[in-house]
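You will see two complexes here that share chain A, one where it goes with chain B and one where it goes with chain C.
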Partner chain A sequence: LDSRLPLVDRSDGTKDSESFTAAAARDQFQEELVIRPLHSGDIYASFQFRTLWDIDFLQERQKVSHYRLFPKSLGQVLSKFSVRELHISFTQGFWRTMQWGQPFIPSPPGAELWVWFHDTVSDVDGNWKELTNVLSGIFCASLNFIDLTNTVQPSASFKPLGLGNATDHRFLRYATLPREIVCTENLTPWKKLLPCGSKAGLSVLLKSEKLFHSSFHSQAVHIRPVCQDEQCTSKAWELRQTLNVVFDLYTSSQGKKEWSLFKMFSRTLTEACPLATSSKIYVDITDNPELFELNPVTPLLSQAVVLGDRRTYSVFDLTRAETFGQLCSLNLLLRWKGDSGMNVFDGCDMLRPLLHAERYVAGFGLQTGEIHTVIYNNHPYRAFPVLLMDSVPWYLQLYIHTLTVTSKSRDNKPSYIHYQPAKDRHRPHLLEMLIQLPPHSMTEVTVQFERALLKWTEYTPDPNHGFYVGSSVVSALVPSMVAMNTNFTQDQPLFSSFVPVKEESSYFVRVYTEPLLVNLPTPDFSMPYNVICLTCTVVAVGYGSFYNLLTRTFQVDEPSLPLEKRLANLIRRIRGVPLLA
Partner chain B sequence: TDYNDLYCLFTLVQFTKAGQFFSSGHTNNWAVLVCTSRFWFNYRHVANTLSVYRSVKRLGIPDSHIVLMLADDMACNYRNPKPATVFSHKNMELNVYGDDVEVDYRGYEVTVENFLRVLTGRLPPSTPRSKRLLSDDRSNILIYLTGHGGNGFLKFQDSEEISNMELADAFEQMWQKRRYNELLFIIDTCQGASMYERFYSPNLMALASSQVGEDSLSHQPDLAIGVHLMDKYTFYLLEFLEEVHPASQANMNDLFKVCPQSQCVSTPGHRTDLFQRDPGSVLITDFFGSVRKVEITKDTINLTSPVEPPIQRSGSGDIQIESLTYVDQLPVAEIIHQKPKQKDWHPPDGFILGLWTLILLVFFQTYGIKHLKHIF
Partner chain C sequence: MIKCTNLFFISHVSPGPCCLLQAEKQRGRYAALAIAAVVIVVGIPLWWKTTETYRAWLPFSEISELDSLQLQLSVDIEVVFSRGTLTPEQQKKFPLSHVNEKEHQVDVSIPELLTSPSTEADLSLHMLSESSCGSVVVYVIPETAALLPEDVKVYVGQRRTALLRSPPFKSSWSLKEVLSNLDVKVEQVVSTMSFSHQDIVAALSNRVRMAKVTKESMADSMRAIKSSPGYEITFSLLNPDPRSHSLHWDIEGAVQSCIQPLLNKLAPIANFSVDSQILYYVVLGVNPRFDNSVSAYTLSADSLSHVINPVEARLGSNAASSNPVLNFLLYVPDSHHSPLFIRDHSKREVPSNAFHSPRWGGIMVYNVNEMYGPEAEPPVDININMAKVMGVFLAQLRLMLGVQHTHPPTGFVLQSPGSAGLADWELDRLLWSRSVENIATASTTITSLAQLLDQIGNIVINDNIAQQVSSAVTSLQSAVAELEAGNLAFALQYSREAILASERAFFDPSLLHLLYFPDDQKFAIYIPLFLPMCVPIVLSLLKIVSEAKKRRADKQAKSD
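And now, the complex of A and B:
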């Protein structure tokens, strides 16, 4: 990469590239794609694009004005609003943990935004409001609907994923918009943030017609300060753009268990991004011989422990020319063998996720209801604590005295409860609980609620669709079957280095439940018009007839006079003389 | 002398051309394209707006100068058999949604209030640039509205309406604040001509797809998608615009002839009395395209030597020796022993004060005031 630095001809004839070395080579870009075939025949592709930049936005004396790989729009946002960490995701579809396992980067349906501000900020709410408006312009999404009625400050969940020590949760804001739609207009600005745009490297595969015709699509931007090197003496800013997509067997592949890059993305790869220091494709071949065969075969193999599981990956390095072969294009082919893919669960315990959560609304009618959150611990003998965070809008009024937590049909008292009640039209409910899950059990959390009556201007244009309640978040340190890697190395694959690992025996996982769709009592908006019409009709017909009956008199009408008598009457009227009969 | 005269005539002609070149009215182009209908069966209104967006983008107006408002999402709607596409022709010939669309106002944001705020520029200070109409007095603006309408009103999202008087007043506000040079207003709804009846500001030209008392009709359904894809007027407008390229000399009179009654069933109308120039001299690209006038010079310009960025890091390795650590994601012990949040002290409110007053009153009533000195 050093050879690509510009050499400057100074006016005194000397060439000088050292002064640029200090500034230019301080950011680097890596891209990777992980392809994981799933047992049901679907395929999971996860793109990660990472830009690492040695600069400190938060130091006032250094005004950053020279942007190279890091996008300028995000850099200006970070420095203007004193943002320490920013995580934003847009998701279409729901991640089915039981069928697909755990995702590398979890995300709830709709849009989710959580931000840690620096502790020098005096007005966090004002910064948050402006930040959501600026981001809604950058990502073409209606993030300006995030306001104080759907923002919460979690006290124990959502600890920073980057470097830092003190975590005062006054500087954390979390909001989710479950109704937000993701479409090409969100993908376009997301692609524009990449150094190579959508012209070279792995980002050429991001074609919207294929990406949105899938079971699950999630694109996210994560910005946080990370260690610059192994000694971790200084900070660097990391921007990760991740895109997770699960292609369905029947809609994208017409039922044939055969996947290729061309089938998934409607094109093949021809080159790596020239600005990238590393550009790799990892294909999960842990189940290779029994389940499917991979073509072209590559000698490069890599093992990584991710999500508590040791998996083997075939590595395709796009920065090497021989990866592209004779035709100068790379098209990976995965073909399933025989009937081995027919069983969804092979009975292999490794694939079964250890933590899983569901949520639904029970009850009938439009007055009351009950929210049930069910958390499953599938570990055969270990118990572990989970942190459940629930954020319910104010119009579902929760009755916390009816909160029950039961595991294995016995009461399970949480060791920590933080509840912030809602204020009508100001603040949503926030409920955080630390629950110890017994091994191999199902824990159910229930709370009753009552539906509020909104003012007629607060209804959306389509109120009969219902109102969404954001997903619950279950965060846990799940005991791992395989020792996790706590060492931080530069050449670790990106998918295994997203969440910092502190101890070997457990890994951090976050599970999102389904969002709820609740019908509120909706008034009949055509009622005033109908009532006015009906009332006026009744009044006109009824009162009018009655009035006529009472006051109308009948007079005998004279037959009309011949013409000469009418003329004579006219002259008489002018003269003022009484008229003829 | 003949040659002299010819030479003079030649330079005179050149001079008038040059004069015309430098005296043109507008310097930049903006477009505000609005679809006001929600729900899947109004697919055709979104397709109408996107086809005008496509033409306008193709003829040169960049995304930063287009404010696109779509009241509902059809492309990624769960009922769309081909996600991320919006078709305008049956048999899925033309995808007007494209690959690089940028929608500025979507879903519930498309309201009468937001539309009028965009036009008049009275937006809250935190509104991003892509959502603003930053036009000046040399801007030509194209405004396209489509949806369901009636005599004198246009329905927004099935819950509110904008009247023709409000629209005329908004344009007058724009004129008084010098927010446009010339404005072309196109509307494709039922009884669309009623919307431009009340305009009274100068430099406005308006086109509508139907007269008062007539309905605008939709064009063709697609059996795979299950809804009507486009409205007749915009379909033929799209066909007309596909022939236009940035250098074309087609003018407004050709635009007025788009979709005669034989094709459209409704009678398209137009209004040019407020417009100062003759419509025959107004090019289509004056509104739909962004044709920039370029001045070519043959002089050489000396560029200054580039400014070197200052070398930022100078021996800062000595300052921080202790290593930084990542935060614990789920510190269970810390969470359990977390102190409750210090709540701000509020003085007791009226209810509590009243309750205590009642209790004290009852107590002293029962036991008499003489016991007071024993208590205090």
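And now, the complex of A and C:
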């Protein structure tokens, strides 16, 4: 039947065709998987699911309440809290930029949440508090631990990624929970937000026992308003669910350099999600295409400029039946030719990503310390500015006068510093700096701090483990080796279209450093009882002697004879001579 | 041999050494007594005051009054006699003059009424007297009036009016007799239009266990969702097979035309919000059985209880509010399992192909297999007939909201509720039972909270909780008073306030803070202070007592 007319059920049972309702085609869903063999021999798999909905959540007159592909729970959150943009990520493990290069969408270890509220919101803090509670319910995470003491309002580092050029950072809230542990219970609600659940399409690969048996796992939800088309005449809401995994297949398969979808996910693909308008797998074959063979072979190749690099990808379109072959099942298999694979990537020679940052705590003892942040610019001849953002909890009291920025052993004066000092138990330190990185250099930012004493109820469980300090964020426009693609097209692969590219010569990169683990002076927690006991004893002893003094009857004793007289008496008694008085 | 030193005590008798010793002992005794007195009078209260938990004052006596709450409900009933019902003598005896005026007006409008009662007639009667919420107007028309068909004794309109065919009055009857004759009829009308004993008992069923409740009204009250300040109504379209069916439903239009009028009508009871979603790849928890005789899949009634749980996992909780959710699911079976029919306990197919779960929502199975032939290329676009679906869901929604079926006595004719789906008097019925239920719930909450606070002495009661409790109590009292006065709208308003305040007080997190710091621990901590302090005091007191005894014994021996 070619006409594909929609059918309508009449009450008398006859069939009839009728025009579509207007709402039918207003939302669409795309899914995509990118597989990239990494230099270290690991496999990087990045899933992206995008739901676009041509609707405005922040409409005043009409509440959005009828959902199709967009998950209802998130939609309600958006409209209730007047959220303009929401980015939330849960990450287990640390992305090793030196070995793996840049990820498509970076995220810090633990949980990260940043939200732009609409500028009609009057009580931003109240909305933020409630929003974090609701989100912690939706994602089964401890986001309810986000409060004013770990929330900051960065002035420059986190600009909205979607439409609109909001600059008033009063409507921005940013918080991280570096201690958050991500596991299956976070993945299940995340999968539930997908229209096809985990029943069809690429999401069947998302089996938690495989995903969490990996070196790095990160899942995220990004919601933002975007342009509906190239002319940007109408606004649409984009929900992007991303999941990034790095599998260490080299060690888990006894040194054999081959991987397949089945090996990674213990599943093969049989169909695309029927609701998806596009469903594709990209395999990065840029590095040494002659050294390995990919099975099955696809004639489709695609080139994309991503993160300042031109990459070539083999494309598998799951919406076409021929992709699945005779077996009706797609299991991508990559095998290295001969044993060349063994020595291509020894894992020893590190990558030199253009921008890289790391951080550590120096110092000794439990009183003071020093935070070192080291930022590397590996570009051979270009200097570029980076924005460094640090959010330090109040119990590390930063001595901002000790802040030094040195590059190439020379003082490097930041051109912009935004510092908001902490208030004890109310807000953390926020330090934002715009630093110019000289070409091929290492810039070190140090600041000293003193550890505060906490009240005994403020210690976390297991306080001797230490206290986490969230990653610092380095955001930069890195000069690109190749011309970036600035024009917006609908059929661009999802992984290259997340961060809008404004100019051809540079691309946006955000690098997260390691979170810090700082030991605070930890008391003995039976202390309050000891203190009470000690005080009571002292009081009791004092009181006892005072009481005795007041109530006892005192008598003067007969002064006893001196020792020599007593001795003399003893002798006298033996001799029978009268005793001395 | 023994000399006293340190003498503060000056005796008027010249002190001998023995007297001095006595005086010194006396001084020691006084000191011990004084210290004991200071410890008891100042020390212990001070310690008690500084270590006690803050407990604001609660109106316990008023709360205990609430426990034995006597509800008295009164309905304003206006009985209007139309011309020809009463003899002139009887009319004269009417104490109120405005009744006559009313009568006159009715007389004017009655010619407009057609031979059978119609909506317009009802409306015109409604216009005559703007009856307030909760009241009932009964028009008594002559026995011979052709307004109502022969066999109809009472006609209940869409609003708060009823036409009552008067029983034959003897012209010799006094007014009293007339009224008492009418009494039974009016009572029937009122129990249909506002509340009956059964309704109220059912509304109180959570609080009062009574054997008198009929099974049906009990079932009604259990089916209806609990009273709450707001409800979320969620319509979900379950499409387990998006590969073969592409379903379209005009839920927005359907809600606008079918559900919204009812919700607008119910606005005084609660805030409603409606939303909808489409869920894919959702399967029922049970496998339907294929029945060869009808060549269809069937779900038997006893397997329905297993359907909901697996589905509910996908429905998603309502993130944005904590109000109870009413779920209405439209399930379109996949092509391999259609058609699917629901069978009741007597193995017959349910005509609506739907069922509901008390206080949760309803599920309707919508078969689409007849709408396309085998030649159709999947996915088949299907538009769902929303009128059919919404009819079922509307009926289920009425059940959930507690709009109960009334069983009028014979001879009663009820006007169909019209476009809003709810007549004014039906709303009143609901309001009556809701206010009673609210009052019952709020007073239960408050009394159990008071009991809890009374029992566990070291819960901190902050001022805001005390304030909530007392505002709940005052609202409850005014709600009861309003019910007594027959002001239904105010009663409901106050009962809602009471329930809100009582819940807020009951669930306040500050009540939990010191719950786990019991008295025995407190004493254990202070034992290092208490023991060394009290032991000398107690010992010296014992000593004083024993000395006094001894002295008395000595004195007695001396006197003997």
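Criterion: the second predicted complex is superposed on the first by the 481 of 581 C-alpha atoms of A that agree within 3 Å, B and C clash if a C-alpha of one lies under 4 Å from a C-alpha of the other, contacts with A are read in each partner's own complex, and residues count from 1 in each chain.
Here, a contact is a pair of C-beta atoms (placed from the backbone, for glycine too) under 8 Å apart; a residue touches a chain by one contact, two chains touch by 3 or more.
On a predicted model such as this, the values are computed, not experimentally measured, just so you know.
Participant: So, does A:G466 touch the first partner chain B, the second partner chain C, both, or neither?
Facilitator: neither
Participant: For A:L275, using the defined touch cut-off, is the partner it touches chain B, chain C, both, or neither? Pick first, second, both or neither.
Facilitator: Only chain C is touched by A:L275; chain B is not.
Participant: Applying the document's definition of touch, where does A:I181 land relative to chain B and chain C: first, second, both, or neither?
Facilitator: In the superposition, A:I181 contacts chain B only.
Participant: Given the touch rule stated above, what does A:H66 touch, chain B (first), chain C (second), both, or neither?
Facilitator: Touch status of A:H66: both partners.
Participant: According to the stated criteria, A:Y416 is in contact with first (chain B), second (chain C), both, or neither; which is it?
Facilitator: In the superposed model, A:Y416 contacts chain B only, not chain C.
Participant: Where does A:C232 make contact in the superposed view: on chain B (first), on chain C (second), on both, or on neither?
Facilitator: first
Participant: With the two structures laid over each other on chain A, which partner does A:P438 touch: chain B (first), chain C (second), both, or neither?
Facilitator: It touches nothing on chain B or chain C.
Participant: Applying the document's definition of touch, where does A:I138 land relative to chain B and chain C: first, second, both, or neither?
Facilitator: In the superposition, A:I138 contacts both chain B and chain C.
Participant: May I ask you to decide whether A:V539 touches chain B, chain C, both, or neither, giving the answer as first, second, both or neither?
Facilitator: In the superposed model, A:V539 contacts chain C only, not chain B.
Participant: Would you please give the residues of chain A that touch chain B in one complex and also touch chain C in the other complex?
Facilitator: Touching chain B in the first complex and chain C in the second, residues 8, 10-11, 20, 23, 66, 134, 137-138 of chain A appear in both lists.
Participant: Which stretch or stretches of chain C touch chain A in the complex?
Facilitator: Chain C residues touching chain A: 1-6, 21, 24-25, 27-29, 31-32, 35, 234, 242-243, 248, 250-252, 273-278, 280-281, 314, 316-321, 368, 370-372, 375-377, 379-385, 387-388, 525-526, 528-529, 531-533, 536-537, 540.
Participant: Going by the contact rule set out above, which residues of chain A touch chain B in the complex?
Facilitator: Touching chain B from chain A are residues 8, 10-11, 19-20, 22-23, 54-55, 62, 66, 92, 129-130, 133-134, 136-138, 140-142, 144-145, 155-156, 159-165, 167, 179, 181-185, 188-189, 207-209, 211-213, 227, 231-235, 385, 387, 415-416, 418, 434, 460-462, 475-477, 499-500, 502, 508, 525.
Participant: Going by the contact rule at the top, pick out the chain B residues touching chain A in the complex.
Facilitator: 38-39, 73, 75-76, 82-85, 97-104, 106-109, 124, 126-131, 157-159, 305-306, 308-309, 311-313, 316-317, 320-332, 335-336, 338, 341
Participant: Sort out for me which residues of chain A touch chain C in the complex.
Facilitator: 1-2, 4-11, 13, 15, 18, 20-21, 23-24, 63, 65-69, 71-74, 76-77, 79-80, 134, 137-138, 192, 195-197, 199-200, 271, 274-275, 529, 532-533, 536-537, 539-541, 543-544, 547-548, 550-556, 558
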